[in-house]
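Both complexes below contain chain A, partnered by chain B and then by chain C.
Entry: the complex of A and B
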């Protein structure tokens, strides 16, 4: 639960609006009567940051008091208010999850439950809960198999429902979850390999449960250092826990499958499991792919080139064709002669396994174009199987608290 | 003894009926259970053979020509007729997407009906006009929207039924020039939609938003309390919406936000001579490039009135929304300009009171920031005239975000570039866009159909129901109608490309509906071990007594047979003894 809400808060902070986030929570832990901190969910034992209610970052608030002149800059930091859950309780099931991905929802569903993406959207899917070899449990009574996930992604690719996709799984044996994906432009990562558990990061003794999982904790920790305008690439992201540490290098040698040369990500010692990455379907260079491509809603703005100063003089021209992409720093010619831009990309839709066709200059061009134009459309599916450890071991912590009370009396 | 057997035989059924009872369990299970199980677990998969026929339809294969009407300014109707015929022959049909036609006298009546006319060429006298062809975009001009083409100075040869003009004759009549101009306006291979434009959707929502950065910072009437958005929309946006009516059904929303904070603090610079009266040096607030890309604060700005629209039962479910934001910086932060616009000018920049900064966000909308927001002093209202600039920008961006091509620069005259036409879409742009959309919808329909058939053959668990097959077949029908035999039988001039468009649009919508049919979710793939895991606990306990009973019965039968055999031997022996006794007697 805290895993998902932490991820939710982060992507929202990075500029993805609620209308483009589909959040699935199977349980309402915050409002459970057994929650000792009603209406709040914390991802760390210090309980600095409530992920559920106000979203006020108490640390940031303290900083504000120290530096009053920074007041306005801090406005945005604390501004993650409320959580918009799109699917909750028993709506969170395998069928609905697959329907959201493939877009095959009944017509009466409101827009907030639709994944309204097209070929220019980047999608980030985050899955967490209890898992096993090739499956992930939903609601204690059903499960989604890795093959179902692969097929769903395959159908999304056929209908051009995404441009790039990232799948992140934090469960036990998570790396088996993405083994059956076969569609191009997908990068997948998981917290632990086959036969391995994914452990929690630490416990909160007052609540009596583990609050967040290790893998997610470190991912979020890294993302916390990133803001909207960040130029950090996926390469940096996966190098998360310094590759200068000798342990990582050792693992590089021992586990060449999981740690391919570039993706020498997360530190297995800290995470307590071996996170995996699958990038054979991902034709783009990780050094060119920004973290905000998946985690942030950064729109690339364009101003008309001839405008520049003309605008300051108060003139508005009508047929401006040259537009200047502010962030990319290159002129983009649009309008009539824009011609065949996306055709090259589209032809990829049929040969799924043929990744070799992605190499070469044409690909990088396509990438530049699409990424520069589409960041505003980044969509995100966050999915969670809630009911982590919160409610499970709540009862165990209760006697302790009571006895303490008795002592005080 | 005999009474005991009698009682036993009445209590226990005969061995025959016992065997029947035992066997009836597996027989019923096999005879009824298995067909019923097969029926309930089978996946309805109807044939999608119809899709095979669309493979022949090539992407972007549009045979329908755009009819371009030709008229002449002034006298000399005979030459126009000759020229038109000659051009149609000089430029081979497979190299052009247009067909020239002579203006009929009755066409005049159709000019006032508001709809975009068909593109036309006006032949002008070479002596009076410049030699290069251009498109007239001066709205007041009577020939607005026409391609002004210089008429050939030489007398043209009359062409017979089958005669072909010589290449030099063609050239002298201006066929090369015409071909170039027309290729720029109506290319043979239609433009694809540019990357910043949204994908085609029939229903589009425009959302116009007035944002006060912080109304409380503007004392009293300095904030913008309202805006005359209806008048502005009527003046600037309505003509465009009307012109695009064949493509889009537009829903327009407007919204005012009184508190729309930015997520960053704009940079500041001191500028000399900002252009304001009595002001020689003042502070200018700037938005840097990276700040601009995070300018739209989706987290804190509650953009969109989708919920309200939903309550009013407007079907907005899947509408793409284009947002046009008029942002008014708060007091003390004016003027707010893009850093980009100050670049390179040092401190010599002047910012006139009417200056605006604007940028476009691909597939999202555009933002306008007036440097010094105007509003009426007494009530803080913004009149449509005060928003003239903003809405002109919105209109321009709106057209581009919908993929309307702009006129090629080579065909624009310098003196016309400052014109602010009321109707921006000339028939040329309209026809070009029409061809683009026809191509895009065709490609989309064919792609969707083939991907349905590919997915169905790959994913064996995917059901294909009646509705899906129905939609697929009507989609295929619409495509074959658009590109198939229809054209041979009746070439209805009034239908033309618009008729093709209606059909391809329908085909694409139906194909999408088939793809997204909720019944198409195949639930689910189960590995074999899962099947055993599910069925074993269910059937194992039931089958144990049946199997045990059968085994018992078999055992009993074997015992009986054995007993009967030994009994038979004894009987024979007895017979033998009897016969011996008889012999002895």
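Entry: the complex of A and C
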């Protein structure tokens, strides 16, 4: 539960709005009467950060002496307040999960329960719970197999529902979960290899449960260090992808300090399992792929003034620019002809932007802005980051079950 | 309703009328928004608080200055003339607390009822429930015809807004109320939880105590030109705890109590507010009985039969007439011929004045049982209703099947009170504010019923057992058919060698 909510908070902090996050939580842990901290879920026994709702650093708020620190904490959590669970309780089941992925939902389903993505969206799927060799349990009742997931992703690719996808699994034997994905542009990572358990990071003795799993803990720790404008690449993120290779292990023994400081996310010593990464389906260079492509909603809005030469530019990161043409009194113009007249000037004033694709899209005149954004993929890669979470969480409300020093599945 | 149900209106934070010139100059558009925070001390020292956000808008289709379009648009599209939705978490202790402040608070879980204009009300109902499920992050999308009923005697339309239409009602007892419902709620409020009293609505204040409820009341006239929307959140808090929590909320939000302006000299000092002649609260040894008390329990053992026993006590000196309403899911099959009504332990069929019964249809319709009961002064009436538990399909069990099934709360409707009220309304009494209205319904707590739960590993056992038997059978038959049994001549010479 805290795994998922920690991830939820992080991507929200990195700019993905609630409307683009599908959060599935099988259990009402926060408001369960057995929760000693009503309405709150913590990912740390120190209980500094409530992941459920308030997003307020309660420790800092209580320390009235540390006034400046408290303000800083407040700064950090703006926009993270509140939580919107899209699927909860019995709605979290294999059928609904596959329906969300493939977009085969019944009519009347509200937009918040739809994965409204297209071929220009990047999707991040995070799954956590009890797993095993090639499956993940839902509600302690049914399972999703790795082939089901692979086929669902395959269908999504055929339906052009994603541009790039990242699948992250934190279960026991998690690496078996992504082995049957066969569609392109998918990068997958898991917390532990076949025959290996994933361990929790630590227990909160006051509640009597383990609060977060190791793998997720270190991933979140890393993500905490980056912000929306970060240029960190996936290469940095999955640095220790070869961790299951013996050479690296040997290396580890000799240079533990070096590893501690450099490659701490995917460090099997710390995680207590061997995280895996699968990138054979991913044709892009990891050094060119930003971490925020999956974990953040970065949209650089550029507002060129249509009747003048001046153009306001946001920072240019590779391909995440969106252009709005604002004409006075007209709001956002949907047709492109007027903008096309300014193109030359604009490309001059912005040498970084990809002019060739500009020319390409300006030849086809009157299609509307959004479709032109979608088509000119050379320069516009990410707009909406569809983000999908699933968690299987029979966990925190059942103390006996969660204190999984060893996951048995 | 006891006269001691004193409602303290502590703060009337902001009321404004948008000037008509701001909207369309030619027409008289009066959009109004009014927010209130109401405190009511309860007999046992706890405090009931009600946040009330009242929006009145005319011609909402033109501009959504104060109405939330995400909420009103799906309701308008589906021709909803009146809608009440409430989510309740925890158990309301009727004996100690009396009735909630707000008049439309339902029973534990979610309750939704709507009057829908026009044809095909079921389809519109599905559309509305799904839309609201999306807005409030709830499981209202699970509402199906199998749990929807229409007890129109118990729930009456707003007298000021009588329209032709179908009435639909549903209770979802398993629904919870938590931060994920508060977040979208605050988004619907015009001040978005940033300023005004909605700024005080922090999850760790509202959710920290025994009971909290949230809901909306919506009415609109026939052409949707006038909409009345009330968003409310009611909670029972412990004042001692609450003080602690608000101080936390105040320091963390920074704008909690901007209502009081005090001198800068006073900052960093402990300040204490007191009423004049305020006395310390002494917890009462005995809490005065409610005019009518109502409770319901499950009886019986085993997984085949069971019974419902409702106890209604009239603590007043006058005879009362009430309606007892049970809406039971189809998997409970009540035996109406064994229905017993007792008064003081003796059968008293004369108490049962009226009976209305709509039997269930498997997987399509719930049972609706409505009993009109006359109770003599200072007496207790017990209603005993035996039932059979249905065997449901293997796949119909929820993932946590052994937990049991939630039975929705029963409703007691104070018929005589409703009659006098409607008479008064007809004599042009000024309409009371929603929280001052008489509460006509008392909800019992929800119940947890054990149905016969299969051993879920059984199919696998059966499969394994059957396969083993089949393999044994097939093997021996195959052997018998294909092998040829005969005498083998062994050469005696070879035997020797």
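By definition in this document, the second predicted complex is superposed on the first by the 252 of 409 C-alpha atoms of A that agree within 3 Å, B and C clash if a C-alpha of one lies under 4 Å from a C-alpha of the other, contacts with A are read in each partner's own complex, and residues count from 1 in each chain.
Throughout what follows, a residue touches a chain if its C-beta (ideal position, glycine included) is under 8 Å from a C-beta of that chain, and two chains touch if they have at least 3 such contacts.
Remember, it's a predicted structure, so these values are computed and weren't measured experimentally.
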Chain A residues in contact: does chain B have more, or chain C? B
Once the structures are superposed on A, label A:28 by its partner contacts, choosing first (chain B), second (chain C), both or neither. second
Between chain B and chain C, whom does A:36 touch in the aligned arrangement: first, second, both, or neither? neither
I'd like to know which partner A:84 touches here: chain B for first, chain C for second, both or neither. second
Where does A:102 make contact in the superposed view: on chain B (first), on chain C (second), on both, or on neither? first
Just to be sure I read the superposition right, which of the two partners does A:140 touch: chain B = first, chain C = second, or both, or neither? second
For A:159, using the defined touch cut-off, is the partner it touches chain B, chain C, both, or neither? Pick first, second, both or neither. first
Could you look at A:46 and tell me whether it touches chain B, chain C, both or neither (first, second, both, neither)? neither
Which of the two partners, first being chain B and second being chain C, lies in contact with A:195: first, second, both, or neither? neither
Regarding the shared-chain residue A:111, is it in contact with chain B (first), chain C (second), both, or neither? both
Please identify the positions on chain A that touch both chain B and chain C, taking each partner from its own complex. 109-111
Residue numbers of chain A touching chain C in their complex, please. 18, 28, 30-31, 38-40, 50, 52-54, 56-58, 61-62, 64, 70, 74, 81-86, 88-91, 93, 108-113, 138-142
Spell out the part of chain B that touches chain A in their complex, as residue ranges. 184, 191-192, 194-196, 199, 261, 263-265, 289-300, 303-304, 306, 310, 316-318, 337-338, 340-341, 343, 345, 349-352, 354-364, 367, 371, 389, 392-393, 396, 400, 405-409, 412, 417-421, 424, 432, 443, 447-448, 451, 454-455, 458-459, 515-518, 520-527
Quick one: in the complex, what on chain A touches chain B? 12-13, 15-17, 19, 72-73, 75-76, 79-80, 94-95, 98-99, 102-107, 109-111, 114, 116, 118-120, 145, 147-148, 151, 154-155, 158-160, 228-229, 297-304, 307-309, 311-314, 316-321, 323-324, 326-327, 332, 334-343, 346, 349-350, 369-370, 373-377
Which residues of chain C touch chain A once you look at their complex with the stated criterion? 89, 126-127, 130-131, 133-135, 137-139, 141-142, 174, 176-180, 182-184, 186, 202-204, 206-209, 248, 251-254, 398-400
